[in-house]
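See structure below.
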């Protein structure tokens, strides 16, 4: 018979929280290869954003404290040069917090893909998480299944790798003094947190040298890849003994590119793992960066409406760029935002929707000089109403507005 | 009973050939909305490349003559500001030419995504087209179903739009004098062809002003979007009376990004269309560029191995770029090429394979400064052997080499 | 900020348990349309089967007590003739019971598709549920993502409908006296349970008249449809005021046809719902039985190996049946079991695997007299090793055996 | 350069036609393993049905002459006990006949799934084949991509196997004397055709003994499996030297079950093959019947509306059947036909549509005594209008009628 004795839950490793990458942050816990375990994660901001109807919390968010990562988790037997295989078995919100948020950040505090174009002011959408689906009172008319994933997951860097990161990013900062938003983020002692009782000297060292968590790097990190989702198997290079895996920034859903910076449906929740080690895997697979096998259960929205974009700023000053896929994707997104506005969404709602929904972006071609061509595919099936281009044109509905600042500034 | 009388084939519109975009190229034929018709297309180079085992024809290709387009085809009733709806009903090779090719072009004559990194010398693969599948004696070990599509399809520009193109592209050329390969291609009288008996003066005007066909633009054109495939419905803006649709550069298959420039499986063949017109569709849909509904029959290779790339040149000098998705995709592709080489492919074979096979590229994130993250997904099911990362490492096979120059230079 | 105050979990409706269908079982709870709520379910046997390594519990299972259903749940405003729309938002195991089981039942106690052919003795497989995946120490070599669903869900019958059921099933029983296993199950007072304090007279009436829960019927019930899974939207006819929805028999995964009777991965767990009512929906949609929209997130195992079966008993006495799709499917399944045995699985393991894994069965044709043709599609990607038919034949591995009776009888 | 010399089409093997299965029909042509070749096929009736607007040709069809098969094709080296691997590389209509038909046959001349229920009179729909799509003037409002496939493909039986077929089918006929439509078809000399100049005695023998082509059998044959489509790889048992493959009954599209008997979109056209041989494959794979790997390019209509059916004749006399999947599927289909009629289709149109469109049928469960549960999934995306069950009910359109008899009898 089924009894308590023969029913044992997988353990939850209550992980430490830290918000910098550094080889000297000690592992909070050690797991064995083959063991199934769960990790609890706060949302990336550390609960700075609430389930309410204005965006003042987004406006005032303190980004020196991000991202709140759970870990490091050492895997027994992992050594530099090995490949750490990580099965992401599950990702889900806490039962007691069935909601998430997508935010547009202020131009001067966070930015986003269109921060400059839109002179962005804080806005957000709260999403209700109902089983596999998300809906939002701030973006009515859509319901979609989440491709839940960790926005951020990676192994700890070696001292050498950390030094490389800090050096090359500082060089970029030096090339663009005073950029708004900044082009990169150097180590910052303010806000640094390691979540463990460490000697003062060590804490100071980590705070001073620790790489910021914003960009993805050779170890994985904040790659925000929507298809590295629950059910995926990921292969990480190991840089230090134990591998020291950290994870956070859980997303219930995200569109390719995560446009609005805080562009996924950000949530607090639980992620479940199982690991194994392939000795000398870095050499065996030529592993300069993680590779992965996506999950078999990503949502199947087969009908899509696709928008093209080229590396010409046709929504702005008409400038011709040289084979720049980022410019091209921005044009595709702006084309789509225009279309969504004809359906009745505000620009802010459209921006949030493209950030949060399972939108696909493909690089069409980047060899036809001078125009890179990138596409954005909007899944038709997530809308409650017909969005297809019909002979009679598009019906503009009253779809309200998302949550904005309490002072009403857009 | 089924008789000749009640069995009438859809007509083939034997189209003219031209290789420049210009509003003054007269329509070669006029079709009615609702009519099903076929268009025959030579390959993009006009049969300069042969089914043989060296790449000298690629080395010596004359690119002033490309692309060979079929058309223009006027659609009765289309006027500027309308939306031309084009159903791509079928795309297939000529029965008498069941083969296609993928080429790596010389750095100095065509280029490609890695022309500079690889100091590219001409190479190619010939693909045998067997029903829905392609295989190659030059890239053994793979077989895949084609996502056949026109690499190039678009409406004719208005005089104003043409002038805009020429102006903005010249400005880019002026910024990069002497670039190899060139950053863009200005109008070129040499090689210009309109395929019809036109007054000398008009021919000269077209040759002098006509836009080159290399880049995609607001009218569609050479977008090389693999999913704008047979079965798709595309919505084009109309710029001149009749719309004057032209098409060419048929691809049996292509990977996202069409890496090696001549990166698809290029073929000669037949494309079948049906059109309709949505009056004032440009305004109705906010149509600055084409949008489309992809086909329901793209191949389903659900298991993929995904490679990540960031905007840091880790395969080169390690330079940090600022949120550049093109750099990121190149890194992902180089990671994948390294992996394929561990399986036994040469660098040239791997480059050709990623160009021709149904490889997917997604923009993961372009908001995590300074690193854009772009992924490349390699379909596992196209290989005859197991390519997954296993504990024992990868088995290096002898897979020969693709077609190279007769002088042996790589 | 995210606080306890703005984070409220969806409520769990702690439902009553009952094991018969009867209009007079009072609703245990009433919910409002639009409300998200969760329902806890024991496994269908009421915890009679344990996580251990013999099948004695299966051998001795008391089937008079099944199925243990949670409910009835009344929906405010539902009336006979309405359509009850039920969103199945989530289905998952209890965190503290990350396992499930698949059982082969004894010929004389439960049966199954091949009970007579195999003279079935009790056997079982325990599945470890690790996030979205199931694996089993009793069926090594496979791992698959679950298409989790309620095996049993339905609205309460009206007195008239209940009478129809009992009458027509009794007629069938009367036609097949003494059949082993029985062809149908009449009302049975022994084991009947309603889970609420009801007047003795009413309990007796329900026990005497209540329909057994084994077959699916016009109200839904035990349809065991694997694709009525988490994310589906189902439309039920309403027969009594409140609709009185009951649910149970949660499956982590199941193959089409649920071959071994207890053929899914049976589990205890939680199901989450949201409902709405379409007034007079029965008439609007011609709703004689439930219809549904499947989930967008069923697993994508695109490569399959398909086995054909015809309505000729080629595995038995060679008898020709007349267009009997059930016979045809059995042949397809026996063909597949033979194939799996060549890979090293025992007959029992193969039977359990086809029951539990996401196997698809299609009715190919049932018009080509006298042979119905039905296919069984085995997903290739769920195996750890290559199962494709290769020139060198199939490699027979040592894959052990599933859990069998402690007396060793097979 | 591409020249005629380096461009050689795959050969078309102009095959003989025959309409019976018999080991003594000599191979019309012999091909080598590895060779790509095409086979031309007339439609199954031999052009008895025309592209017109009444169904008199269906009413009067001579079924003694069917199916018109192309072949036999011997494969060099194939011997009894081998496995013949057949790649179906392509299936398409003749360019000069871009149309096909779906027919409802008379109860007394052909029948069909609902021949008795509907007392069927001849009706049909002509489908226009436009590239990958089919549309019909007789069933307006739908457009779908074809899953083109051979309805009938198989190897020749050995004398022993042929004898087995004839014996077991005669036994069934003997059990159901005078059935309308007949339960099976014994050898029939009238109409028998072998398409080659053979000695009179041999022709008489074949005509007398040759198995009719209506049912699928152990060699494949008329299985009408919609997913054995272009791009599939099929493994056939070989029963005689050379294997002697025959093929015909090409379908542009078909729904699971091919309901109306002539239930696919029947067409004349070309099928392309490539073969190989696995020696002793019958033993290696336990091959009692063909197995196959489906194509990677079947259409992706992910949104479906699913109808359930049980083995109770709720559309007829309410009789309870014992676990009969054929009855269950018929109920599911009748439920769907009722739904389609609420949208404005006639019963005949609905019957034809379910036969021809890519409808999926799954066996849900056949272990829950006494009710088998079978589902029918209707792809939503093939309709031009919204068919989903909405709160306001279904909008009944005027959709005309299909082609019926010139005397107007339905």
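By letter and in written order, the chains are A, B, C and D; residue numbering begins at 1 in each of them.
Basically, a contact is a pair of C-beta atoms (placed from the backbone, for glycine too) under 8 Å apart; a residue touches a chain by one contact, two chains touch by 3 or more.
Model, not experiment: these values are computed from the prediction.
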Of all the other chains, whose mean CA position lies farthest from subunit B? C
Cα centroid separation between subunit A and subunit B, in whole Å? 32
Taking each chain's centre as its mean C-alpha position, how far apart are subunit B and subunit C in Å? 49
Enumerate the residues of subunit B that touch no fewer than two other chains. 296, 300-303, 381
Can the chain contact pattern be summarised as a line, a ring, a star, a complete graph, or none of these (other)? complete
Which of the residues in subunit D come into contact with subunit B in the complex? 1-3, 6-10, 36, 43, 47-52, 57, 87-90, 95-99, 130-133, 145, 230-231, 268, 272, 274, 295-301, 381
List the residues on subunit D that touch subunit C in their complex, please. 83, 111-113, 164, 168-169, 171-172, 176, 181-185, 214-218, 220, 222-228, 235, 256-261, 263, 278, 281, 284-286, 288-294, 296, 302-310, 312, 314-315, 318-326, 328-329, 331, 335, 338-339, 341-342, 360-375, 377, 388-389, 391, 393-394
Considering only the defined contacts, which subunit B positions touch subunit C in the complex? 300-303, 381, 386
